[in-house]
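What follows is a pair of complexes built around chain A, which joins chain B in one and chain C in the other.
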Partner chain A sequence: MTNNPIVKGKLVCVALNDANQFEAMQAEFNEAPYKSAPTQPVLYFKTHNTWSTDGASVEWATNEGQAVDSMVVGASLAVVFGEECCRVSQDEALKYVGGYTLVHDFSLPELTYYRPDIKGKCLDGSAPIGSVVIPASDISDPQALTVTTQVNGETVHEMPVSQMVRSVAELISTISYIMTLQPGDVIAIGFPGQRAPVKQGDKVSSAIAGVIELNNVVGRA
Partner chain B sequence: MTNNPIVKGKLVCVALNDANQFEAMQAEFNEAPYKSAPTQPVLYFKTHNTWSTDGASVEWATNEGQAVDSMVVGASLAVVFGEECCRVSQDEALKYVGGYTLVHDFSLPELTYYRPDIKGKCLDGSAPIGSVVIPASDISDPQALTVTTQVNGETVHEMPVSQMVRSVAELISTISYIMTLQPGDVIAIGFPGQRAPVKQGDKVSSAIAGVIELNNVVGRA
Partner chain C sequence: MKHARVLFTGSGQLNGAELDVTVEDSFATTGQLKSKTDGQLINESDVTWLSPIKEPGTIFALGLNYADHARELAFEPPKEPLVFLKGANTLTGHKQNAYRPDNIDFQHYECELVAVIGKEGKNISREDAMDYVAGYTVCNDFAIRDYLENYYRPNLRVKSRDSLLPIGPWLIDKEDVGDITNLRVTTHVNGELTQDGSTADIIFDVPFLVEYLSKIMTLKPGDMIATGTPEGLKDMQPGDKVVCEIEKIGALETYIVSEQEFYGDKY
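Our next item is the complex of A and B:
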């Protein structure tokens, strides 16, 4: 297992924060069992065994000993907490951020937002996190950032943080009322709704222009 | 936040492992969106901010600044890993166990097994873990253990591990194919399906007769 020096306690990921995806899913939301769109952020965790690093090779998943057919990836701006953050307002939220980096979420294809997809999301080494954390003081407005992802040099995602359903400050505030965030905890604030398919041997590179880069290779089964 | 010395990396909890509950839910399982019972263990995580200790007071939850109306509790046998455990067979599974203890899962009432109930399950300090870990060598058969829980001295649960849908060895094997378990990781193998309601000020005590005890008090809002 790769040791990751950035995340200390938990890596909280926000699902369904791509406004285009959220809009496109309205019909699905209106079906059973909920019959309405979620009113709160939908969260999932990338557990300790998933934490990996910039430059790491990401293991190709297996299922009952057989290599799986497909995996996908998305990148997110990652908020790294510098101070304990409990029940804070949106106005105060950014004061608790120590810095920003990128996270890759490699997983099995996303088929459902109902039963929590632990099997698809908690693959060993599937959450590489940037090795450089840009101090919060260097980022005047995280909403102005854009995360781009290339697979083998071809751009597959270009996701402005401003196009997300919920802002960085709103998410920090809301999540801080659900659970205390501690120094070294990380929130991945949102991923492109259509994850990019990857194959064995692919190079996946994400960036926030001029500021943060994250490079990984998809391993072979 | 209470520092917990037992859990190092992740606390994985198994839902729906009470055979009586599983049986009683067949009609619900047959409704949308799945229209069948889950064929794999349903897992959830108690994150770092939930980890607490024997003797700790468990904070009463609030929602938008107001004390919630109700909370519930269940206890589970907790398997503490002593060695890294990845893709092991049922026959080999128990060899990776360092020891056993108890975990309390305090939460908001369980209303759904669909959208992952992060808000209900990840309350700060809601997962006290026993301070004593009984070495695996002292427990010849974890299936023979029974977990009992009392609230204010009255027995509310008596749950033999043998009455669970899946055995300790089966769960370790299945989960080890989903994610690597590392030393200091913990699996809570199953809780009574009908969680016990608790009020502010209640004393909650669980035990495996003569071996492990876990005592907590429900705090006041």
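Our next item is the complex of A and C:
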């Protein structure tokens, strides 16, 4: 397990922010246990023990001592806060961003969104974060970025930030009214709804073309 | 021993310093805390209490973990622990303010026994679990029921708000508490007893939870497990004083203020 020097306080991730997934799940949202579609961003934490780095090997998860059958990965644009951010408007939100990087969220498959997914999301070393933070001043519009992910050289995801239900600025504003964000806190703003399956030994590489990349290897059980 | 952390607000060169102190038996009569650095005695009136955990790690909390509370909420007792996470932004100390959001109908306290991890470990067995616990404290795990949605429930909007996890007043070494399986858990609101339970009603106990969580992930010093609350929920309003107390551990006092008062210039 490798700690990460970039994220200092908390790593907040946004689930169900892929507009295609959100649209496709409308019927399911109306059934038990959800009963209605979410009205707010669906948020989860990646805990301290999950933080890892570019180049790190990601442990294959075990359950009761046995290697789990399947793991998945998604990549997200990550917003790194440069100053304290408390109750800010959408218009002002991007001023609080120190820079941008990438996060990989390795997890067990997302089978349900009903209860906090501690077993699926809190695996040691499962949240590698890019080693470089691109200064916010170099990114004029985060909505114009696209995150791509390759597994063993084959493209599995190509996710424009503009395809998300909620924008970077909207998420920063909404979250800043729930919890004060501190310098070094990170928000992963959204992942492809269909996470990519990975196998032991796979190489996972994500990039924002020409700007930043994040490379990890899936470890052996 | 009881360990606390305070911000010194009295006059002199210590003003503004965060101090590690011990709380001796004499505190009840003298109101004095003892600096761990130099043994100096400090008056409680010269400090602001902070969270007793200096470097907070992962904050786990349990939902529906008392048999009586699960009944109160009309839930079947869970077969597996309902664990959720809280950010460190939620932490505040003894005798501090916690806020009630504007335009809501129901905010309630939850008095909880907290086990604080003292040693790193993974795949810890139930039998060895207590070796990894440093001690205990009390928390008040406030909830805003209006904000519940059926996604990662209880969601962060309900459970991870600034100031809504008062904790303390101190961390007490586990050896000084001994058996934790039948401790009285009470809450008083403005002096009235509103919650009165016992840790005997806990469904998943501390050794079970250490084993359960450490099978999923590495536990580290500073991680906290808030073990859930008994029945007896009541709405809170600005001006209320809430005291959460657990026998042999301590009594944690919190003042409810409005959102505007809490955030001041940032409101």
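Throughout what follows, the second predicted complex is superposed on the first by the 219 of 221 C-alpha atoms of A that agree within 3 Å, B and C clash if a C-alpha of one lies under 4 Å from a C-alpha of the other, contacts with A are read in each partner's own complex, and residues count from 1 in each chain.
As a working rule, contacts are C-beta pairs under 8 Å (C-beta built on N, C-alpha and C of every residue); 3 or more make two chains touch, one makes a residue touch a chain.
None of the values given here were measured: they were computed from a predicted structure.
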item	value
Partner chain in contact with A:64 - chain B first, chain C second, else both or neither	both
First, second, both or neither for A:45, with chain B first and chain C second	both
First, second, both or neither for A:122, with chain B first and chain C second	both
Chain B versus chain C as contact partner of A:31, first or second or both or neither	first
Partner chain(s) touched by A:221 [first = chain B, second = chain C, both, neither]	neither
Chain B versus chain C as contact partner of A:16, first or second or both or neither	second
Doubly contacted chain A residues - partners chain C and chain B	1, 9-10, 12, 33-34, 38, 40, 42-45, 47-50, 64, 86, 113-116, 118-119, 122-124, 178-180, 182
Of all residues in chain C, those that touch chain A in their complex	57-58, 60, 82-85, 87-90, 122-123, 147, 149-157, 160-162, 213, 215-218, 220, 263, 266-267
Chain C contact footprint on chain A (complex, rising order)	1, 9-10, 12, 15-16, 33-36, 38-40, 42-45, 47-50, 63-65, 86-87, 113-119, 122-124, 178-180, 182
Chain A-facing residues of chain B, complex	1, 9-10, 12, 31-34, 38, 40, 42-45, 47-50, 64, 84, 86, 112-116, 118-119, 122-124, 177-182, 185
